[in-house]
Amino acid sequence: MDYRAILEGVQTGNMSIDQGLQALRKLGADELGYATLDHHRALRRGFPEVVYCEGKTPEQSAQILIRLAETGEGPVLGTRAGREVFDLVRRTHPSFEYEELSRMVFLRRGIGSPKGQVLVIAAGTSDLPVANEAVLTLELMGARVEQMIDVGVAGLHRLLGQLDRLYQARVLVVVAGMEGALPSVVAGLVDQPVIAVPTSVGYGSHLGGLTPLLSMLNSCSSGVGVVNIDNGFGAGYLAAMINRMGE
Amino acid sequence: MDYRAILEGVQTGNMSIDQGLQALRKLGADELGYATLDHHRALRRGFPEVVYCEGKTPEQSAQILIRLAETGEGPVLGTRAGREVFDLVRRTHPSFEYEELSRMVFLRRGIGSPKGQVLVIAAGTSDLPVANEAVLTLELMGARVEQMIDVGVAGLHRLLGQLDRLYQARVLVVVAGMEGALPSVVAGLVDQPVIAVPTSVGYGSHLGGLTPLLSMLNSCSSGVGVVNIDNGFGAGYLAAMINRMGE
Amino acid sequence: MDYRAILEGVQTGNMSIDQGLQALRKLGADELGYATLDHHRALRRGFPEVVYCEGKTPEQSAQILIRLAETGEGPVLGTRAGREVFDLVRRTHPSFEYEELSRMVFLRRGIGSPKGQVLVIAAGTSDLPVANEAVLTLELMGARVEQMIDVGVAGLHRLLGQLDRLYQARVLVVVAGMEGALPSVVAGLVDQPVIAVPTSVGYGSHLGGLTPLLSMLNSCSSGVGVVNIDNGFGAGYLAAMINRMGE
Amino acid sequence: MDYRAILEGVQTGNMSIDQGLQALRKLGADELGYATLDHHRALRRGFPEVVYCEGKTPEQSAQILIRLAETGEGPVLGTRAGREVFDLVRRTHPSFEYEELSRMVFLRRGIGSPKGQVLVIAAGTSDLPVANEAVLTLELMGARVEQMIDVGVAGLHRLLGQLDRLYQARVLVVVAGMEGALPSVVAGLVDQPVIAVPTSVGYGSHLGGLTPLLSMLNSCSSGVGVVNIDNGFGAGYLAAMINRMGE
Amino acid sequence: MDYRAILEGVQTGNMSIDQGLQALRKLGADELGYATLDHHRALRRGFPEVVYCEGKTPEQSAQILIRLAETGEGPVLGTRAGREVFDLVRRTHPSFEYEELSRMVFLRRGIGSPKGQVLVIAAGTSDLPVANEAVLTLELMGARVEQMIDVGVAGLHRLLGQLDRLYQARVLVVVAGMEGALPSVVAGLVDQPVIAVPTSVGYGSHLGGLTPLLSMLNSCSSGVGVVNIDNGFGAGYLAAMINRMGE
Amino acid sequence: MDYRAILEGVQTGNMSIDQGLQALRKLGADELGYATLDHHRALRRGFPEVVYCEGKTPEQSAQILIRLAETGEGPVLGTRAGREVFDLVRRTHPSFEYEELSRMVFLRRGIGSPKGQVLVIAAGTSDLPVANEAVLTLELMGARVEQMIDVGVAGLHRLLGQLDRLYQARVLVVVAGMEGALPSVVAGLVDQPVIAVPTSVGYGSHLGGLTPLLSMLNSCSSGVGVVNIDNGFGAGYLAAMINRMGE
Amino acid sequence: MDYRAILEGVQTGNMSIDQGLQALRKLGADELGYATLDHHRALRRGFPEVVYCEGKTPEQSAQILIRLAETGEGPVLGTRAGREVFDLVRRTHPSFEYEELSRMVFLRRGIGSPKGQVLVIAAGTSDLPVANEAVLTLELMGARVEQMIDVGVAGLHRLLGQLDRLYQARVLVVVAGMEGALPSVVAGLVDQPVIAVPTSVGYGSHLGGLTPLLSMLNSCSSGVGVVNIDNGFGAGYLAAMINRMGE
Amino acid sequence: MDYRAILEGVQTGNMSIDQGLQALRKLGADELGYATLDHHRALRRGFPEVVYCEGKTPEQSAQILIRLAETGEGPVLGTRAGREVFDLVRRTHPSFEYEELSRMVFLRRGIGSPKGQVLVIAAGTSDLPVANEAVLTLELMGARVEQMIDVGVAGLHRLLGQLDRLYQARVLVVVAGMEGALPSVVAGLVDQPVIAVPTSVGYGSHLGGLTPLLSMLNSCSSGVGVVNIDNGFGAGYLAAMINRMGE
């Protein structure tokens, strides 16, 4: 049950004022003992709360996801979720899906037809898990998404042969590990916003992704916003917000 | 000469196999020539060419700015410019202006009436130079801009008392030094994109701005894109791109 | 046997001067070969020595805990203890307890009724293990403790809806990972001391907790003291000391 | 307007569903308005408003200090202020004072007789500027303060000869550069809270104070809270809060 | 099928222009869905694409290697490959080989007789895996290679007793962990280019190889180029390029 | 005295066992005397003796340069030299020259006609001082040098329009600050060795050049050797060595 | 067979000059293919080569140790050795011993009666593995050694109660993790050289031992030399050298 | 009052249990009074009191130096002293001297004839200030000192040609910037203790001396103790302690 449903319930008389207040209070902060769910967020931010499953027990993660599925009407999303979270969730809710590479548990619901156009570019095959996280997030937030894989700067013609696809996107998410040069090159070619995602793919002085992160923050091309290492979700979320503006 | 021409040359015997190989090799790069088109495209868009003056001699900076003023018709912008650059430029072009705090030299020209709405928030008074850089960049790129100053998280009520202004912006630029918590708090309150700019304001373990930079990259709120420390220009540029999408 | 018991033994004549000296010497530094127990600490610092079990063999940890249980009369506490330490200890001392999340082995003994009021706040569910360590330490040191879980800055209303609970505490322990903004926000709302505990919850540029640590050290709110990453014990210890001052 | 009013508006038809949703959205934030009360509460407490002058122009700093002096009745304090700030301020307000070493501008006013007992310890003579910042902050916040200078661990007897002074304080501020060992040693000797302040005194691998900062965070003694490098003000503020609890 | 074959097919009429175009397009970027093979590289850079297997599933790695083996005529090389990659590859292509220490999967094919002379020096036995990676890369790229093992600076006479071997190489690859002093010493003895490879062999403040990396970048001897930590492949590749110039 | 002589001395009784041991001990080091020969060899090669002037007094620097000019016959080179070094040197030796940007003092002498072809590429105008250092070093070491300036990846077409110049060089030196992406892009286009030089041009998270340094070390293109930040001299020296191999 | 034996063989005629030369050559650098043994070291440095077993296969480590045992007459030592190395070695040489905590394989042979006096102090029980490594190294190098365990600065009286033991040592090795304050305190109490060994015992901002390492390098007490993190062997070696000077 | 007296007081009833507990508590600290003896001991040893002048005002430094000169009879030493300190001191005490490069103010007095032999080696001319600091410290502490300058590893023969001088020293101080390889090479050649001093000479990734510091800590040669960057005084002090042991 969400905000609109409560108002409609009160409007139609199916719900008393006191029942409405009770329901509203629960939506604002739903305490599970180990978590305080922020159902208000969907209203405030236009997308429901997302569950970051790392550092939670599988049981905690699963219970929060189920609670979100039962109290809302839109999509539900859990990131960095082990398969055991999925296994727990789908016992109760068989409509949940799981994507192996990006380790996401999600429920496609109430999304509507995809809007706008976002292009998610991955420099290499090893960046796929992070790129997938961005793609799925975008889809759940209602964006039309395309992907372009393995077009790193070591072989520029792979990218340059597909310039039209770059021009057609409203916003681009560029995922890269190693030296993280791809967002700089892409941003130099287009005049749309570029969201850069460094990945932890590399070794030695790669420093777990700090090298491409720093590289992207120092891009000599303008128009680049950076998110945390491996944060495909964050990039997808931000890109979806921007993509929505083009409506 | 394109791929077909090469093949036809070889088929007809006008070109030997080795000549064909040589031509193919060059094509792999000429193909890249697409980028030139993009450059022309960028020129047509009315966006300013921007000169980063740090590390250039004042004479070099001034000459480049004058050249841009004489060959183009839109605004001209030089960042991190000492006053001596301004002094050199205005001898020839008295229409140039200078903003002391942000050290920008610029020519307001061909901008048109401001569009959309961008809110630039500065956590403290000391963050003003960077915030000003963002504001001026936005104005030169055609955006309507508002500012909100000194609303850091140590006194939340200053921010919360102006929520309407937050809701009215298409995109928000949030500038903060110290622990850099403000973008997280702001992004938790709105559903528009937030561009976070860490500043080098602080001391000790502030590490010249690395602390708020890291803080912003790890924001627990979604919808935040980060730019380099003190990079008000970059934030303004990205925000202007996004703001334009709302047209 | 503790200091008071020795003095009473000598006073009543149950113990000769030389027996007393011998007992005192043993209390001052009880050598186990691989450890020198500091029984004097309870007298000097008001709380017995705490055993940091990481880097010790389970046998070493267990023997030290048992020795402390047998020679003192107050509570006994082992931190970062694997379950095998607990298994070894409770064979001899079945009164010992174990808390899974924080990995603490402890003996509630001679604590008295809880005094004062300390509030332990955790930004997210994933910060619970560290928050639990603080809570248990506080309880063993005689403080009355309350908890508030999952009230991170991404949804400020969860925190602001419970301001009264903030005002009622003598001292607050605030545990947060990610960008570590919560202590700054809390300290801006109250006028009691805030002990900030960064956690290693996060990824990428989170740097194992260095990011929230740096963030907390650079808080723009005054009245914040910081302890090491994941150091719930240290925060609880310091908070208990401060809480005790209100008597 | 509160939740009940919105529900009643919708029930009675005075408000459409969409108007209700809009009002609810705002309410989630207005709820945050509690913070304002807290602010007023802080104002009533007689704590100084503190101006961090670094990064502000002398004129900005002076104007803010003068405004605070004219609108309040308690003490006023500006930190990291150059002498030119003081020169500007005392033209209007000759009662302001200046402390050279710590670069503080301040107005002693409405403080009352000093309460409690705080001991500020400096490991070496070079740590005096930071220690002075702590002392002055404490005095302006109403605490009775004592100092102990140049008692670093290279000559332990200097500290151990004055143990009584350590025992008499309610809380201790320990300022140290170099390896920052002094807070660990002090905290091992007392059972009061210790606030540790690393200073930027040292060279080479001292890393501008990061070395003693890390050292203090990893203290093997319990009961230590750490503030930022050279942050004598922050340490004094926190110590004053704790000292006040003993009333 | 490679470029020459296509041109010959068109020249002889075995292939139409359109078939040729189709084949060329495929060669330029062979999309596998999760990877875009860069067959053009062998033409452009003189050595076929190398597959970095870390971060790819064994199946992905194996399929790319097989595809490269089937479409090209030169050597094929996969680095950082687990044995399971090798097991998958050799089912189809039994000519592939595997080197355990350096974890390389490769196909020796179309290499010709070794040319020039490259000396690969390893400071210690523990540096062998990285040195082997360099040696194999060099061999597959057509270079004659010699090795010198365990000649670190703690026993200089081991190196100095073999100076003639140093003088005979066209280029030297020097692999070292610990403090990474060996390349400086070697470069001081010869007048040929030295490629320095830091390894992750060491502990404590070795920082996973950052220490020898920094050491090599700051060599007081001229003529040293540095590659990433443990990057034996990169060193071998660069050395092979330089060695080829001596022809 | 060599091994055989020692053994014969002992055999004949001309030497006692202990005298033999003493002689053997020394021999282990005298063996190292080979290095001296190498030194003479280097002197014969016509390479300049280079004086690093930073950290030396101007008088020291000038005297060493003059001594080299008087005792040798080839070129002489001083790097990082203030103008005062030049002023001191040319009093005695008016043939010395000075290059302002790179701060080099040098004597062109005995160089012969330039050989081979080296291309020095600078990403931006601000990288000129470092590029100039490389160019001058190359010229003094006998190489033919070309330059390409301001072809950073933010406008790829500037680079791609001059591919022929890239192909004609035997070795390329690529100088870049900011994110340091240019060497990766260049190395992906050519099959010659690339020497990458990071510069300290940038700000904020640029970390004084560490960001492009790390970026270049993690290049996804093969064939890149890296030198220290701002080390134009080192890059020129290494490139000259490689260029010479093509003779 | 060692140097003296060769000389005696030649002196007595049991060995020809050529046999002697052959034996000497072997001693100077004994090539095993994957290692170049430096038998010369015992002569040059007064203690035979030590085998660092990390990063070598157990077989390699065992073979090198056995070779050293067979060709020399003094003690043999392998550090960081897994038990499997010991198992392999003792099949051939049952006199080898193994110490579990420090993971050392060694052969006590030809050591003579212990000389001088070295005190090895460990701050905590968790520092024992590193302290043991120092103790065993010292014993094998002929020093008389004493230990003092668990006397960290959190309970100073444990250390101060044993000052006489500190004064009796010629040189002290002080091992500490956490904040690493103990060497500073000890060096302030004695006038003998102190060798400080940081350990990786700690968590959070302890940074794997970097914190105590930095702390020790910045000691405010003079007379402290520092070795790498966990490098008990290096500390023992250096202390043995110094201890030997007192003869 | 000692333990026995307390027990007797309690036994005889002259002291209550609570008075006894209070007395015992104080004793735990008074016991620490032993340290005072150590201080007197140090004074008797004729070692200079050393004043670290950085961070003190010239007046403070001068006054402390004068006080030491007037109350003691041995040498007096001030490090990191500006010339103005010297100017202030010599007004009262014309016997003080000043060394420009190392910025030391000192009084040679009561030193006696130099003893033992210490060799101070500097890798380059730029390392002289730090080497001088070590030399002067050694001289003031009574050691005979020799110097060897500019013998870096880029030209090994310079070092190897003077091996006898290395063998004659009791202890060696090796000062090096850049990559800091020299101590490793020297320690591999001798069997005496080596004190390694990294300097801040270098640029770029030299990190203000952290690179040679890390390099020296990871030396593959045994027998090396490291002091802080540029800490010539600390190295000299430690070397003097060791040198004295050879008496």
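Lettered A, B, C, D, E, F, G and H in written order, each chain numbered from 1.
Methods note: a contact is a pair of C-beta atoms (placed from the backbone, for glycine too) under 8 Å apart; a residue touches a chain by one contact, two chains touch by 3 or more.
Keep in mind the model is a prediction, meaning the values are calculated, not measured.
Engineer: Using the touch definition from the top, what's the fewest steps needed to get from subunit B to subunit E?
Structural biologist: Graph distance in the chain contact network comes out at 1.
Engineer: Which neighbours does subunit D have in common with subunit H?
Structural biologist: Common neighbours, subunit D/subunit H: C, G.
Engineer: Let me check something: if the centre of a chain is the mean of its CA atoms, which chain is farthest from subunit E?
Structural biologist: Centroid comparison gives D as the farthest chain from subunit E.
Engineer: So, comparing C-alpha centroids, which chain is the farthest one from subunit A?
Structural biologist: Following the centroid criterion, the farthest chain would be H.
Engineer: For the homomeric pair subunit E and subunit H, should the interface be classed as same or different, according to whether the shared residue numbers exceed half of all numbers used?
Structural biologist: same
Engineer: What is the distance, in whole Å, between the centres of subunit B and subunit D, each centre taken as the mean of its C-alpha atoms?
Structural biologist: Computed value for the inter-centroid distance: 37 Å.
Engineer: In whole angstrom, how far does the Cα centroid of subunit D sit from the Cα centroid of subunit E?
Structural biologist: Taking the average C-alpha coordinate of subunit D and of subunit E, the gap between them is 57 Å.
Engineer: With centres defined as the mean C-alpha position, give me the subunit E-subunit F separation in Å.
Structural biologist: Here the centre of subunit F sits 25 Å away from the centre of subunit E.
Engineer: Just curious, how far off is subunit E from subunit C if you go by their C-alpha centres, in Å?
Structural biologist: Distance between chain centres, rounded to whole Å: 54 Å.
Engineer: Scan subunit E for residues touching two or more other chains and write them down.
Structural biologist: Residues 28, 40, 44, 124, 154-157, 161, 188-189, 204-206, 210, 213, 217-218, 222, 228 of subunit E touch two or more partner chains.
Engineer: What chain pairs are in touch here?
Structural biologist: Applying the touch criterion to every chain pair yields A-B, A-C, A-D, A-E, A-F, B-C, B-D, B-E, B-F, C-D, C-G, C-H, D-G, D-H, E-F, E-G, E-H, F-G, F-H, G-H.
Engineer: Of all residues in subunit E, which touch subunit G in the complex?
Structural biologist: 124-128, 149-151, 154-155, 157-158, 161, 177, 201, 203-206
Engineer: Inside the complex, what are the residues of subunit F that reach subunit E?
Structural biologist: Answer in residue numbers: 28-29, 31-32, 34-35, 38, 41-42, 45, 47, 50, 170-171, 188-193, 195, 213, 217-218, 222-228, 233-234, 237-238, 241-242, 245-246.
Engineer: How about subunit A: which of its residues touch subunit D in the complex?
Structural biologist: Going through subunit A, the ones touching subunit D are 3-4, 7-8, 10-11, 13, 17, 20-21, 24-25, 28, 40, 43-44.
Engineer: Quick check on the complex: what are the subunit A residues that touch subunit C?
Structural biologist: 28-29, 33-36, 38, 40-41, 49, 52, 54-56, 60, 64, 198, 200, 208-210, 213, 228-231
Engineer: Please give the residue numbers of subunit D that touch subunit G in the complex, ascending.
Structural biologist: 123-124, 152-156, 178-181, 184-185, 187-189, 202, 204-207, 210-212, 214-222
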